[in-house]
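What follows is a single structure, written as structure tokens, with notes after it.
Residue numbering begins at 1 within each chain, and the chains themselves are lettered A, B, C and D in the order written.
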């Protein structure tokens, strides 16, 4: 990358401050334009706090992040930059501009760069705009911070790696950031899925725990999760088939005997669902995709369901017969959301999946099994959200009306023709 | 079937009258209900005219049609029954109830059954409710009468044959007809596609002609067509590949080298598109499906596009090189709408496909090729329609909220599991 | 191409002679080598007659053909070049080398080039080696001349166009021709299918007629055909489904309701079968592929059958019910072999497909329906052939052991990975 | 089941004896018949030792096993029955026939049933015929005992559960056993795959260890394994893609970015490969199938390779870049053979797969990477076997010529048509 050439000042300190000291976040307005597939992003008041998330352990990304922070600091001094605390050490040496490592003069006024940080919960409450630098995985991870809340608009830069969700290259950042700050950008709306887990034994919504890297359950406890791409259930290490009973809007649809099943947004239609044989769905089609993973059936064609669907999946077992003094046995099933493993599911556990803006079946107690069982109402969460459906989903800064068509051609090699020799 | 047991009167005459003598048609209101996937069909004033379409040349269907007409005549004498004139001869003997062929007494007051008929155009203007008796093909044909106009609500009875679009069995007719007449029915909304044809040589919208059965062009001339299922282009008898250039919203998407391509509604997702490898899409997902037919590419995955898409397909040829003094040569391409062949397409001809309620790109002259070419505005037709989008599409009388789930399981054998021996 | 630079002599005449004047053809020996997938082609006596087939109406191909003939004439004067008579006029001007159009000197000895030609039947009897210049279609057409006989070894040159069956580029011709003449070449064995047609009404093997370009039946009459790629049945122009009853080795396998079905050799696995969803099969796997074309079933997975299979397909109709005084009606079905249309099939007609070297079920009269019906024995033809199975099939000159792996990667873009941006 | 009605004698003891005391095993001859897809099984000398394997922990299967042993004991007293030692306790109570639990008289001569048992290695050396009672899994497990040796003919009985590999129902056992003992049976030949593992770090063939149920490596150590169905590599619990480099006959074919890949016999074409999208291949087609599992590519079509292929798969990593002081990192890859997990593979590990009867490339040291590396010759094992290729593979007792056609129709629901309502 172009190096640190935008900065003309010497930076001698990085000043880390608590994110909690910032003012609360501002939501932009998203305005429809005639003849456009995109919405205009308009700031009702000036944007203040930008949360920058970078791919970890990549020197290129660290350099780019430092360059972006310098640029913001120099050009928009009133804007506050927020970062995760665990990247500050990595970032600091890159942020310092001394006469040795930059073009700053030895006798120049020395400057300090402020950086805000705090817990995930604190950051979420303050973020006006989310910027990611890295690949698709970086966006998925960054957006997962907003798992239980609205997602601010997302600006994603690629750094030369594959990225279906990355419309911008880093070298354009100056122009792109300008446009967004001055409310001249367009966003593509992407829908999120919402997932709840019910444990049979306890008749209650389970607290969801991310698996930490050493395989142990991490301390974080949440009661629902949102997915940008997909939610999948899978046999994992077990070499044996899973038995999953699938219900739609309270009606039994089918039992799948398979490696697993993936429930996907249109955004996720080009991720795992595609590998499993699903169609390519435009992000502007409101729907939920249900794609089987290696089903032991000749006739399990992928389904595209209404976005108002309420999908319930219950873990079954091969035989319903109770083993002496016990339960029908089923191997633990892997649950995975946007590439992150959650805790395993067992026989009779259920997950419920709806669109973030909810299902029309919500109040119909005859159709929704979990409202029968007296568990805390599923809607507690997204009822709140659905009061303000304009903020639901993910608003991704877009380059042009036709990013999608370009993407499936250039990135996925859609319908590539057989080649001519010579 | 149950025979003519509902009638207690002797019918000695069928009185054929001109449909033009009837009052103009009445549109029902379609009202959304909370927690329901269906809409309620409400008649603002009493229903008057029912158009009954039956599968041709089937004795069973003729008998059922006669039974239904007797029932309507006896129970709802103020309702007028409309039929196509070419079935009257087939129907008449079945309608007459004499002491010999029914339980009417020899000295009973003799009664006359009135039947209304006329040209297709005349019938369309008077129909409040459309009833079909036969298979899926019968519905497709019946709805094609309303090709250039709104479609009245459709009630479809099956007579024991396969039918994915047929929620009701004929034996239930008495109850079902009662409910619909008394505004106690529910309808499922299905979307229609709209198709325009442009001939290159003449730079004008082509009049579309159905191929008559002897292969000659029939006299009927129309400028656009609607599809309930699908529109497909195909190589037909020619054993060579077609070359079709596909544009979405004015942007080039891809050139397909294939048997052809099918553009389908969600309703049509279980028709040809399914055979060609497309996903199963709920009729409640607003979208247009683009499914290749035997593409010579490993990577042409079916696409699910937004329902606001404007799809243009231009007939290409293998080589762009002009042959001495001539045109690049391309075999004629078959155009087919809902199972009916239209006239062939040739090199450089175009078809344009939009949803019945139109595309958001309509006015953007930079994106829509045909508005550039000065042809009569494409929108002339459906602009009118879109003033009243509540009437657009097809409102199909539905049995229950879950006809679709039941249908894919029972009729398509979705995800049927491998069988147990014994 | 490189122009006519190999010739140093002036050519002032082309001397067209009857192919019948040549000595009968010589079959090479095909010898297996240890550790090789290919066979060595060994001429037991010197090769004499080379039949050159070129793509029609392509100037580039005509030039290349002339260059090759000059080369053969100059370097191997004892070898006789055979061509189809309808290309002689096209070729002649290109063959003449005068001081004006080449580097030959004005006072040089003038030379005459002999060309042999005759009817297809005559040519077949004399050809030691077949050379094609053009694309895959040219090979298919050239080999179809040998429809009722053994195929000589085939050397195929591409001229810059796509070609899955074309291992060599024309510019290598000098080296490649040298090697083959001196028995230093390797061949890849490809299997052929054999197809018989039985007309129900006449209880006899039907004479097969190619459709001529104007749609009329051409005069040529044959009783069986061989396929290098595939044999397919298809609905053609009719927009309605076909009903085909498929039997394997005398047992009913399935009824297909579909656009049609393709029976393919492994060679043809990368042609139509691939487009219809079939797997990619190495030409060295002895088998027959049965791939449905757009089947109206969720569970018709492509089949790979033993090469000893006897496949019978009988044209069915939607309903078995006889129409008054008539036959169950079925639209004519298109029959196509290696891209050439044969005459249409009708209700109750059958085709039988076996491998060229025959089926093990041949004598088992309980299993083979047509031997029951007293028709002339199916085996009449290939029984003869199978006496000499070493000559059956198609021996294609190969570049290297791994042409196939290279081909699926380079030509088909097999498993192309999603692209990196930048 | 029919209960113990075949026995008329009282059984008061089960006499467990060492299998090592039996005479060595006898191999049958397999004789081709004209016009048959099957081979006749002929015993050159009377059959002596039958090894019976049953599904564990199923009462129904235990009862059936006891019934079969009684039958053999009563009708063929000279035949020795072998069982695994860990099922003797389960079997014993079922084998004893006292006046209380059977129709034997109280004063009848009491009889003893002998059962032979020993280690797996000992049993393998003595088995003339293998009989399985259970499902497909039971056959796979039973045959895996013969992992490093020839497989005796296999007779498989189903007990009412699904079974694609199970031609016979248990209730026919008397007739079926009679036929096989008197050399009047037919067998279907099924091929086996052979798999070798090479650890990069140690440059040697790895000893393969089955994972025991508690996840620890079991003590058993072997150097190669055979597969009846398939060998697959998979990401397992890790939610991230695998990177596998695939070579055919020493040439690089492709890198797959996927859940994994399955290498399958034609027998296994209806197991995992089918779920992953592979074609259905007749067991009589000699080939190896390579089917990707959820590949991140639109163009990875399943491949059908020659049975002489040598397939090498090398574990790759996402980036080839060395991490500071270390190796490119790759998650452990799961290796699974016929439903049994072996120990995990890591970065740079290789597996090699050939057909049991070997590859023609065996001696060509330029093509086979592992012979370059000085590892113990791959062929050590199956060279021995290939001396007697008539005994290689698996000879399954067959019911009729057309078990396969019946199986794909009845068990897999192949090409099931869309159903008629009513």
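In this text, a residue touches a chain if its C-beta (ideal position, glycine included) is under 8 Å from a C-beta of that chain, and two chains touch if they have at least 3 such contacts.
Bear in mind that the values here come from a model prediction, so they are computed numbers and not experimental data.
Any idea whether C-D or B-C has more C-beta pairs in contact?
C-D
Where in B-D, A-D or A-B does the A-C interface recur, with over half of the contact pairs identical by residue number?
B-D
How many angstrom lie between the centres of chain B and chain D, each centre taken as the mean Cα position?
54
Suppose each chain is reduced to the average of its Cα coordinates; what separation in Å results between chain B and chain C?
44
Could you work out how far the Cα centre of chain C sits from that of chain D, in whole Å?
Those two chain centres are 41 Å apart.
Find every residue in chain B that makes contact with two or more other chains and list them.
Expected reply: 274, 295-301, 412-414, 416, 418.
Quick check on the complex: what are the chain D residues that touch chain C?
For this pair, the touching residues of chain D are 34-37, 248-249, 251, 253-257, 266, 269, 274, 278-282, 284-287, 289, 292, 295-309, 360-364, 367, 401-402, 405, 408-409, 412-418.
Under the definition above, what is the set of chain A residues touching chain D in their complex?
236-237, 239-240, 258-259, 272, 274-277, 293-296, 298-299, 334, 336, 339-341, 412-414, 416
How about chain A: which of its residues touch chain C in the complex?
Residue positions touching the partner: 158, 160-164, 166, 169, 297-301, 410-413, 416, 418-422.
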